[in-house]
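Two complexes are shown next, each including chain A; its partner changes from chain B in the first to chain C in the second.
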Partner chain A sequence: MGTANIVEVKNLNSAYGQSKVIFDVSLQIKPKERLSIVGRNGAGKTTLLKSIASLLNPTSGSVVYDGIELVGKPSYDVARMGLKYIDQDKHVFLDLTVRENLELSSYATGDYDWDKVFKHFPKLKILIDRKGAFLSGGERQMLMIGRAILGDPKVLLIDEPTEGLAPSIVDDLVTTFHELSKDCAIMTVGQNLSFVSRIAERIYAMKEGKLVAEITDEAKIKDNSYSCYL
Partner chain B sequence: MKRYLNSWSTIIIVFTLLYFLKAFLPAAFLTEVAIYSIYAMGCSFLIGRLGLTSFGQPAFLAFGAYGAGIYLYYFGTNPFVAILVGVLASVVVNMLVGLFFVRLNSSYFTLCNQAFCVVTFFLFQKALVKWTFGDNGLLLISRMDPTPVIDLTSPKGIYLFAFIVAALVWFFYNYLMKRSVFGATCLCVKDNEQKLRFLGYKTYNIKWLAFVIANTTAGLAGALYTVYFCMVNANIASVSSASEAVAISMLGGAGTLFGPLVGTFIFIGLKDIASQFIRHWEVLVGLLLIVVMLAGQKGIVGSLEGYLAKYTAKKSEPTPALTQEGGV
Partner chain C sequence: MNGQLLISAIVLGLSMSGIYFLLTVGLSLCYGLMRMISLDQFFYYALGAYMVYTVTSLTGSFWLGMLGAMLTTLVAAFVVERLIVKRVYSKPVMFSMILTFGVNLLGVGLIKYVWGLSPKPVASPISGIMNIFGTGVPIYRLFVIVLAVVVYLAVQYFLNKTILGTAIRAGIDDAEKVEALGININRLFTLTFLLSSVLSALAGVIHAPFVMVSPEMGMSITAFAFMVVIIGGLGSIKGTMVSALIVGQVVSIGALIWAPLAEMAPFLVMMIILLIKPTGLYGSKLMNR
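Let's turn to the complex of A and B:
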C-alpha cells in the first residue's frame, strides 16, 4: 500500500458518546493529490477529519498513514509524523505575533525555512510582528497554513478553508492549494462547491456519516454535477 | 536588541529603586515585600500564563520553608545551604505532585491544590509534630552561623540578599515569559491547548514543567522566609491564607512581569499600615480587588500596560501593512 496511498482509512466508525456520527467509512489519500469531501451540515465531515488526525478516537476501524497505524496515537505524535490538521475556526495564538506563531511551529518541527511560507503567503512577511488577535480571517488562515507547512508535512487536512473569507482571498487560496499540492497531499472538507470544483482532483460526497459517492471524472467535478449526492 | 536591553535594565532600575526605598520605608516591610513578591510570582505565572488558578500555594511555600528549617534545626548552620535544601525539597515535591495535578483542568486543579494545602498543613502540624513541633514550630534564631560576603543572620544582609534573589527571579521570569519558546507554549496552553497539540507539542509536559517552575519559586520564597524570620511553624501552610497569592497576582496583574511586585507592595502595605487603624484590613484589599477587576480584569500593571500600548500606538506612525495592504 505504501507507494500507492499515503493514507488508508478502513471501516472507520466514530461517535460522540452514545451518538454515532461516522459509519464504516473507507477512503484513500494518494500522495500529492487534492482531495475534497463535500456534504451538508452535520454530515460528519469534520468528525471524519478529526478521526483521521487522531483528535478523536474512533470506535472502530483503522487509519494507516505512511504504513503506520494512527488509531490510539496522540495528536501531537501524528502532527510530528507529518499529518497536519487545520481547524475551521481560524484560531491562531492571539497573544503571539506572526513571527512567534511561526517560531512555535519551527521549534516543534526543526524546520526554520520560512522562505517557503513567505513564497506562498508574502503578506505574512509584512505582518510578521503583528499579534494574532489583530489579523483578519484571511490572514489567520494564511498563518495557520503557513505554520502547518513547516516541517514538510506529507498530508494537510483542512477543515472548511474558505469559511468567512472574501472572494478575492478564496481565489488566492485556489492558487496556493495547487502550489502546495506539488509537495504534499491536501484533503479539504467543506460546502463551498465552486471552490471544491476549482481545487479538487477527486471528491467524496458524504451524507449522514457515510461516503455515498466518489467522483473522479474531471468534467463532473468542474460542472458541480456531484451536488446531486448531497 | 534594544528591547532586550530595556527589559533587563528596567528590572535593575526597579529593584535598585526599591532597595533604596529603605531611606523612607522600614527595611522589614521592604524585605517582606521582596520575599512575598517571589512567592506571588509563581502563582501569577500559573494564572496568567497557563490559566491555572491554584489555591494551594501555601503548601508549596511550606515545603521550601520546612526544607530550610529542618536543615537548620537538625543538620547544619549555614543559611545559604538551608535555602538550597529548601529549594531542592520543593523541587522534589513539585515534580511528584505535578505528575498528577496537571492532568486536571480549571476548577478541579484549583480545588485539588487547596486540598493538598489542607493535607500539607495537617502533615506539618500533626503528622510530623515530633520533628516540626506543630504550631510552636522550629525556632532557629541561635542555629544560624554568620555567613561570609553577605551575612544572612544580619538584617542588612538578608535585606540585600532578598533583593538580589528577587531581581534574579525577575530576570529568569523575564526570559521565560518574553524570550523563550517554552514561555510562548505556556501562553498557548492557556489560549488553546488542543491547537498546540496540532503543532506537535505534548502539552502535558509543558504544564508539568511550568507547574514545577512556578511552585519551586514559591518554595524559594519559603526558604527565604525561614531564614529571614528565623523560625517556621505549621501556620505557613494554613489554608486560610490560600487566597493571598491569588489575590496579590490578580491585584497586580496575573502574567505580567511586574504585577506580582506591585500587588505585593499594596497587599503588604495595607496589611502593615491599614491594620494599625482598621481591624479588618482585608476588607480594603477585597474592595480594591473588586475595583481593579471591574476596571478591566487585568490587574493594575495589566491595565497600565494596556493604556500605555494604546498611547504609544496613537503616537507611532501607522505601518505599511495597515495602510497599504489593509485587512483581508
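Let's turn to the complex of A and C:
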C-alpha cells in the first residue's frame, strides 16, 4: 500500500436509488487511531459507514483496506477481513442469548477466545444465558462491541455509540474505546460532542454528504470548537 | 356423536396435521429468513409423491421410494434455487410469489408430461390396525403422526442447538446484521430452501398412500397450507405445528359434524384468529424487515 493508513477512502459516492447521499468523500483511517465523524442528522454519516463496510454499494470511488480494494466485495467478506460495522440501533438478535450471539461471531471468525470480550465487558459473563430481548441498551451495546472484537478486527466502524445510553454507561464506553484502540482503529459517527471530545484524536465534520473539515488539533477537539461545522 | 367415529376423526385429523406441518414448515422458514413466499414448495410436494410412486413400483420398497423422492427433490430444488430463486432473495415478496408460482406451474406441466394425467395409487407401506379404546385405527396413520413429531423435534433441535440453526434464527431476526458479523447469508438461504423443499417432498411421500397421486395435488392443498402458515404466524415453527394441529382437527371433526364444514370451518377459524391476533398465533412483531 505504501502508506501508513489502514483504510483509504477515495472519491466515494453513494446513493439510495436516484437519491445521492455521499459526494466525493475521501478520508483515511490510521491504524489504532480513534477517529470521529460529526454532523447533523441526514448529513450522510451512516451511509458513509455502510459504504465503507460494503453494506451499501457505492456508485463510484474506492475503499482500500489493508491494501485490498473493498468495493464490490460482499459485506461478510469485509467483516471477516477485520473491518467490522456496528449499527446505531443497538439491535442484538433478540431471540438469541448472549452466548448464542457470541457463538455466531465466533463461528464467522473462527475466534473462540471470549476472554477478550469479558475483559472489556465482564457483565456479559454474568448475562451469558440472557436473551437479547431482555438486555438494557447499554448491555446491548456491550454485546454488539463484544461480538465485533472477536476475530481481532483492525477497524471498528461504530454508528452513534452513545445514542440512548445513560451517562454512566457513556463514561464506561469512553474507557472501553481507549482500551480497544490499543489493538484496532475505531471510527465513530455521531452528534454527542462531549463524547467525541473525550475519545477522538481526529475529527471529520460532515455536511450534506461532504466532508467539510478535518480537525486534528487536540485543543480544538477538547473545547468542541468544531461544533461550528454542524 | 359416536365415540368410535370421534376417535377415528381425531387420529385422521392428527395425521393430516402431520402432513400439513411437513408441507408448511418450509414455507414458514422461507418467509421467516428470506422474506419470500415459495410457491414452488407445492411442486416438490407433488414431485415427492410421484417419485415414491415410481420407485415403489420399480423396487417394491416404499422406504426406498421415500429416500429416492427426497434425493430427487433435493437435486431439483438445488437447480431451481441456483438458476431462479436466488435472483429474488433481495427483491420484494411479490417477485418470489410470481416467480415460484411459475416454477410450480412448470413443475405441474413436467409431471403431466412424464407421468401422464391419470392418478396413480401408492400402497400403504404399513398395514394393520391398532385398537385404540375399541376403535380400529390404521397403523400407518399413527406412523405419520409420529414421523411429524420426530421431524418437528429434529427441526427444533437444528434451529436451537446447532450453529447453523442459530444463524438461521438470527437471520430471521435481521439478515443484514448476520452478514455484518461475517456470515454468508446466501449460504443460509440456500440451506433453508433445500431443507424446506425436502420436507415438502416428505409431506408428498407420506400423503401419497392416503390419496391418489395426481398432477394437481399440490394445487389442491395450497389453500390449507397457507391457512396453517397464516394461523401459526409467519416464520414460527412452533406456530406452524400448533396451527397444523388446529387445522387438521377442524377439517377432520368438521367433516364428522357436517361434510361441507371440512372446507369451510378452517377459513372461519383463520378469520377469528386473525381478528384477535393479526400476526397469527405465534407471529412476532419482530417480523418487520
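Keep this in mind: the second predicted complex is superposed on the first by the 227 of 230 C-alpha atoms of A that agree within 3 Å, B and C clash if a C-alpha of one lies under 4 Å from a C-alpha of the other, contacts with A are read in each partner's own complex, and residues count from 1 in each chain.
Methods note: contacts are C-beta pairs under 8 Å (C-beta built on N, C-alpha and C of every residue); 3 or more make two chains touch, one makes a residue touch a chain.
Everything numeric here is computed off the predicted structure, so don't read it as measured data.
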_Given the alignment on chain A, is it a clash or a fit between chain B and chain C?_
clash
_A:V117 in the overlay: touching chain B, chain C, both, or neither? Say first, second, both or neither._
neither
*Please work out whether A:R80 is in contact with chain B alone, chain C alone, both, or neither, and reply first, second, both or neither.*
both
*Residues of chain A touched: more by chain B or chain C?*
B
*Taking the superposition as given, does A:R147 touch the first partner, chain B, the second, chain C, both, or neither?*
both
_chain B versus chain C as contact partner of A:L102, first or second or both or neither_ = neither
*First (chain B), second (chain C), both or neither: which does A:H91 touch?*
both
*Looking at the overlay, does A:S136 come into contact with chain B only (first), chain C only (second), both, or neither?*
first
*Would you sort A:L55 into first (chain B), second (chain C), both or neither based on which partner it touches?*
both
*Common interface residues of chain A with chain B and chain C?*
53, 55, 74-77, 79-80, 84-85, 87, 91, 93-96, 100, 103-105, 107-109, 147, 151
*Over in the complex, which chain A residues touch chain C? Could you list them?*
53, 55, 74-77, 79-80, 84-85, 87, 91, 93-96, 100-101, 103-105, 107-109, 147, 151
*What residues of chain C sit close enough to touch chain A in their complex?*
163, 166-167, 169-170, 172-174, 176-185, 286
*For the complex, which residues does chain B have touching chain A?*
181, 184-185, 187-188, 191-192, 194-203, 320-321, 325, 327-328
*Under the touch definition given earlier, write down the residues of chain A that touch chain B in their complex.*
53, 55, 74-77, 79-80, 84-87, 91, 93-96, 100, 103-105, 107-109, 123, 126-127, 130, 136-139, 147, 151, 165-166, 168-169
